[in-house]
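Consider the two complexes below, in which chain A is the common component and chain B and chain C are the respective partners.
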Partner chain A sequence: MAAFVLRRLVQAALVMAAVGLIAFALFRFVGDPVVFMLGQDATPAERAAMSAQLGLDQPFHVQYGRFVARAVQGDFGLSLRQLRPVSTLFAERLPATLELSLAAALFAVAVGIPMGVYTALKPRSWLSQAFLVVSLIGVSLPTFLIGILLILVFAVQLGWLPSFGRGDVVMLGGWSTGLLTVSGLKALILPSITLGLFQMTLIMRLTRSEMLEVLRADHIRFARARGLPDRLVHFRHALRNTLVPVITVAGLQLGSIVAFAIITETVFQWPGMGLLFIQSVMFADVPVMGAYLCLIALLFVIINLVVDLLYYAVDPRLRLDGAAAH
Partner chain B sequence: MSALLEVRHLRVAFETRRGPLVAVDDISLQIGEGEILGMVGESGAGKSVTGTAILGLLEPPARITAGEILLEGSRIDNLAPEAMRRLRGKRIGAIFQDPLTALDPLFTIGQQLVETILTHDAVGARAARDRALKLLGEVGIPAPEKRLDQYPHQLSGGMRQRVVIALALCAEPRLVIADEPTTALDVSTQAQIIELLKRLARTRGTAVLLITHDMGVIAETADRVAVLYAGRIAEIGPVREIVHAPLHPYTTGLMGAIPKLGALRSRLAQIDGAMPRLDAIPPGCAFHPRCTQRLAQCDREIPRAVAVDGREVACWLHGESSRG
Partner chain C sequence: MIRAVSLRHLGAWAIACAVGLAAFQAEARTFRFANQGDALSVDPHMHNEAVLLSLTGNVYEALTGRGRKFEITPELATDWKQTAPTVWRFNLRKNVKFHDGSPFTADDVIFSFERAKGEGSDVRVYVAAIREIRKVDANAIDIVTTEPFTILPQTVSRWYIMSKKWCEKNGAMRPVDVRKGTENYASTRASGTGPFKLESRQPGVKTVFVPNPEWWGKAEHNITEAIFTPIANDATRVAALISGEMDMVDPVPLQDVPRIRSNPDLQVKQSPEMRTIFLGMDQKRDELLFSNVKGKNPFKDKRVRQAVYQAIDIEAIRTRIMRGVSTPAGIMVAPSVEGFVPELNKRLPFDAEGARRLLSEAGYPSGFEVGMNCPNDRYVNDGEICQAVASMLAKVGIKVNLVAEPKTQFFPKVLSRNVSFYLAGWTPASQDAHNALFALMSTPGEGAQGQFNGGAYSNPKVDDLTRRIGAENDPAKRTNMIAEAFRIHQDDIGHIPLHQQPITWGLRKSVEMVQIPDNFQYLRWVTVK
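Showing the complex of A and B:
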């Protein structure tokens, strides 16, 4: 177990080092920081002095080392646009994005898995056919279009739900949450459906195909031969075996939900990190862009790690001889 | 004679776009209380389909299209799914070929035994666990308390097959259908599992339909044997007589080399050719293209089973005169 975790941690560190290199290259090569600081018409001597002050005359690996050392402490410098620490900007935006992403993931899993199980158990029912058609639409329509359609129907036509923003938020320590107010919860509905719909259809289709596969397995046939009722065969044996691969994929999708939140946040003017990123791209705010890149990468790495551990907990085969098998 | 299990003129077909393919045709057999009936034949002869039909586990496109199956005198082939489900495991147990895949990898041995016991008998969790322990001991698993909390992958193939047997016996069925229970095991383990099956059948008085393609296993284990060829019974009767004096030319071929238990997969080398596929079963006796003793009518008319010396054989060499 310890060896397993250690190996995963080393892999994670390597991935982060590589992403850090890309973010660092962004700092170095997208625009010249010296020009940013001094303006176009500084003398070469002034530039050299500024370069030395910023450490830009040092060898590449020294500069990278310094960048990593500061990044590890969460220091990505100042936003060029807002002239505030990048870390502060992200700390303000993080809760909005995480709450949206978790709500979207919850929606995707809570709706996708039951729909997948149903379509596998009752492949011929009209409801299953309907689910499959809906899922096809969910996969093929682009996110922004789904968002706009939802706004059109539920915000503009019916007027039930707000079309933008987070509603009222409450501060819990440093965390601004929209989950404790009615307007916050209402504001969460459309964006989280928009963001989660694609993953929901993905999880539904995956659950369905895995479940169909498992239902053909020998041990399911033997469970029937033992006389177990359908309830146990389907929801104890088949479902549990289905969930092992579904958990993995669903967990990994959480990372892409956060990454894809950029589009949804833009459509709904959701004050999260994605919106911050889009705004910083338009102003070529390099420190914010680099920090976003690192943050998303860190998220993927953490999620991968957690999913591996979860997998480990669900599947007894990995638990005992996993160390030997990998 | 009141048999425990009686199969009458069973026919099973797979519905395909190009019409039905008949995998089992006109099979009749009986199994008495505590008797071991061997069922032997080449791969694809219809052995598993017969066993699956008896268990009521045929899945579309397979379907029983004719005949009936009776357990202790009452029909079970037309039971409602829920009634058949209750009967499975309780009155007919099943043992499958591959112990490596028959157990759910995500549940412990104990969980699988206990859920099976609780499904069939109204006992408490405590009593179910005790019975699970006793069963594991009975099928020869050492240190059963320890095994109960282990997962299938922690057991060897032979041990897993013993667990599968314990699972089949959970509700003390009077009949067990064992479909190639030793095929996936190594030779020495095969002998142990066969020994165990024989012992359990004897001590518990459980009847067994022992399906195998290994005549050696049958010769050592069964009381009677049914020889299947292309979905039909070529010959059925007491093992000793059939082994020593086969009447059907196909049985003679099978007997040509009775392998030592478990060995030899190529024992049919001396019968030229291969068993026909379901969509190309020849007219008349399905065996006639491979038969060295065929007669004029063999490729025209299907021979009916006739009684000869206490057994039944479906071959034109035997008894056609007695039928007129």
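Showing the complex of A and C:
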């Protein structure tokens, strides 16, 4: 077990190092932030001096090496755009992104699974057909368009929900939460639907196909033969077996929800990490971009590690492999 | 007896209080406004950037300010005069307090000068002409310039005065120190002398201003609170205005203007900006970096530059791309810039036939190919303008290979002059024509001279005039020299000016707000019905 985890952790570190290296190789193409840091009337000498001070004139592997050396000590440097520590910026922005992502994931699971179950149980009803059409829209429409359509309907036409921002937030220690105020909760609705819609359709379709599969299985037939009521057959015997793969996929999708929050946050001016990242790209703010990409890589790595550990716990064959190697 | 009277008084006082409070609450007016970006800081010396200076201009003040008609007005200085060619006496306003309670004196001006001039400051341009500031007494200073400098009152209007005491107390002596990697206290907090106080700030999310009841001036606004929110996405920003969540948004994309105009509750306010958009051509290299013409540089021939100029249908750009609201330009500065020359502001006529003829005469009867660089996230519809220019030039035989790219990639190329043909824009930071002559039209030389002259246009006469304008003390002579320099540049077709883009605000009909050419959004003139 320990060897397995250790091996996984070493792999995870390698993945993050690789992500950072690729990111820094690409940063050469995002342009030069110094022009915007110093303003239009600075002299070429002042620009060159600033570039040298920040180490931007160094080849990318040197910049990357310095980034890693500082990052392992927990220092991500100063944002070139705001001239504030990257760690402070992330601390300000992370709660917004996590709350949004969790709300979106919750929405995807809470709506996707019941819809999937319903479409599996009543495949011919008109409501099932409607759900399938909706899910097709969710898969095919780009996120920013869904967001703008929702704003148009619920903010501009109906005036029910705010079109941007997080509403009023409450500080709980260092964590700013919008979950405790009415305006904060209202502001959460449209962005989390926008962000979660794709995952919701994914979960719904997965639940549906798994459920259809399970309903054909022998143990369901025997359950029916035993004369158990439909409700018991469907929810105790069929759904439980359906949920194992669904939960795995939903868990893995959490990482991509956080990563894809970039677009939703831009549309709704949601003050999270994604918006910060987009603004940083437009300014070529290398320290923020580097730290963000590594953080997202870390998130994926952790989620995968957790999933691997769960498999390890569930699947005895993995343990046997390990034993055989010794 | 005495007790009864005092009780009755107390009752009356309580009622008065309640009535006053009710009246106050009825008049509570919050003004909510949005811009596409946030100020990167609220330290007024950290970035020389419009949003930052505009927002902090509500909290901080300079010696001189700008009025509703963009005229120079007294602010922290009550009056000023030139006592010698290089010396200006400024009398400072008395009994002014910073928001933290410290009094405003000559020492604060001197401190702010050192701070704005020093390391980490990005507003050095506003104090560049100043050699030193001498304290006459607590309420008067002498500003000594390195050369005679007639436009000092204009240039100092964006150099905001900070409290020496406050900066010392909070360790905000410098705008920022990138090497130390530490945050500056003043980048999220502020203490100025202005009509509004910074109540709270969450960078990138929300900035709240409240009126300063102790402000020295008479309030011309009627708001009790102002909330600023950046909204980057155009569609969301416009939606927030239409849904009533915003009272004012800037900018409104040109294609959304009719939609806002058609809404009975909303209005659009437009006027020409100070920035001039222009085309530049490499006139220095013997062979263009990006062209199929080898061994010579077609842009060195004035006839080719004129052909490019006359091939451009500025009316088509104005009506199709700028939706009828750009102001075509004949010279490199806008009418709102000090030193603008109205009689030169005429363009060469659009003449595709003439352009083809000029190209033939210059030895390019079948045209040539040239690479064009263009930003696509900097100016209003910049990418579209370049596409239009490319298709117009194609009609006279010049094939343009367009590279439209983000500003972070575009500007380093212009600054290093690794471009053959490009589109850019310029707002003279000093709001004076000399800045454009110096940075855009002078031969690239020492320091910042000609550094945004991406095509290295060079005429010794323009250089000489620019030098002399910088040291001329007689306003009439100065104006004449500026006109002369612009005339020479225009004759040479050193650049091709295109237009001034519009400032486009969307507002509720119930809001009144003053628009000035540098697009500063002063809360002091906002009234909400």
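Just so we're on the same page, the second predicted complex is superposed on the first by the 234 of 326 C-alpha atoms of A that agree within 3 Å, B and C clash if a C-alpha of one lies under 4 Å from a C-alpha of the other, contacts with A are read in each partner's own complex, and residues count from 1 in each chain.
Note that in this section a contact is a pair of C-beta atoms (placed from the backbone, for glycine too) under 8 Å apart; a residue touches a chain by one contact, two chains touch by 3 or more.
All figures in this text were calculated on a predicted structure; none of them were measured in a lab.
In the superposed model, A:Val35 lies in contact with chain C only, and not with chain B. In the superposed pair of complexes, A:Val267 makes contact with chain C only, with no contact to chain B. In the superposed pair of complexes, A:Gly77 makes contact with chain C only, with no contact to chain B. When the two complexes are overlaid on their common chain A, residue A:Pro123 makes contact with neither chain B nor chain C.
Judged by the touch definition given at the top, the superposed model places A:Arg221 against chain B, while chain C stays out of reach. Applying the stated contact rule after C-alpha superposition, one finds that A:Gly55 touches neither chain B nor chain C. Of the two partner chains placed by the overlay, neither chain B nor chain C lies in contact with A:Pro114. Touching more residues of chain A than its counterpart among chain B and chain C is C.
In the superposition on chain A, A:Gly65 makes contact with neither chain B nor chain C. Of the two partner chains placed around the shared chain by superposition, chain C is the only one that A:Gly159 touches, whereas chain B remains out of contact. According to the touch criterion, chain A has no shared surface contacted by chain B in one complex and chain C in the other. By the touch criterion stated above, chain A contacts chain C in their complex at residues 29-33, 35-45, 47, 50, 53-54, 75, 77-78, 81-85, 88, 92, 148, 151-152, 155-156, 159, 162-166, 266-269, 271, 275-276, 278-279, 282-284. Here chain C touches chain A in the complex through residues 37, 40-41, 46-49, 122-125, 128, 176, 178-179, 181, 183-184, 187-188, 202-206, 229-233, 235-237, 239-240, 242-245, 377, 406-412, 415, 426, 429, 435, 439, 447-448, 451-452, going by the rule given at the top. Within the complex formed with chain A, the residues of chain B that make contact are 55, 57, 85-90, 93-94, 96, 98, 101-107, 115-116, 119-120, 151, 153-154, 164, 167-168, 170-171. Listed in rising order, the residues of chain A touching chain B in the complex are 217-219, 221-230, 232, 236-237, 240-241, 244, 314-317, 320-321.
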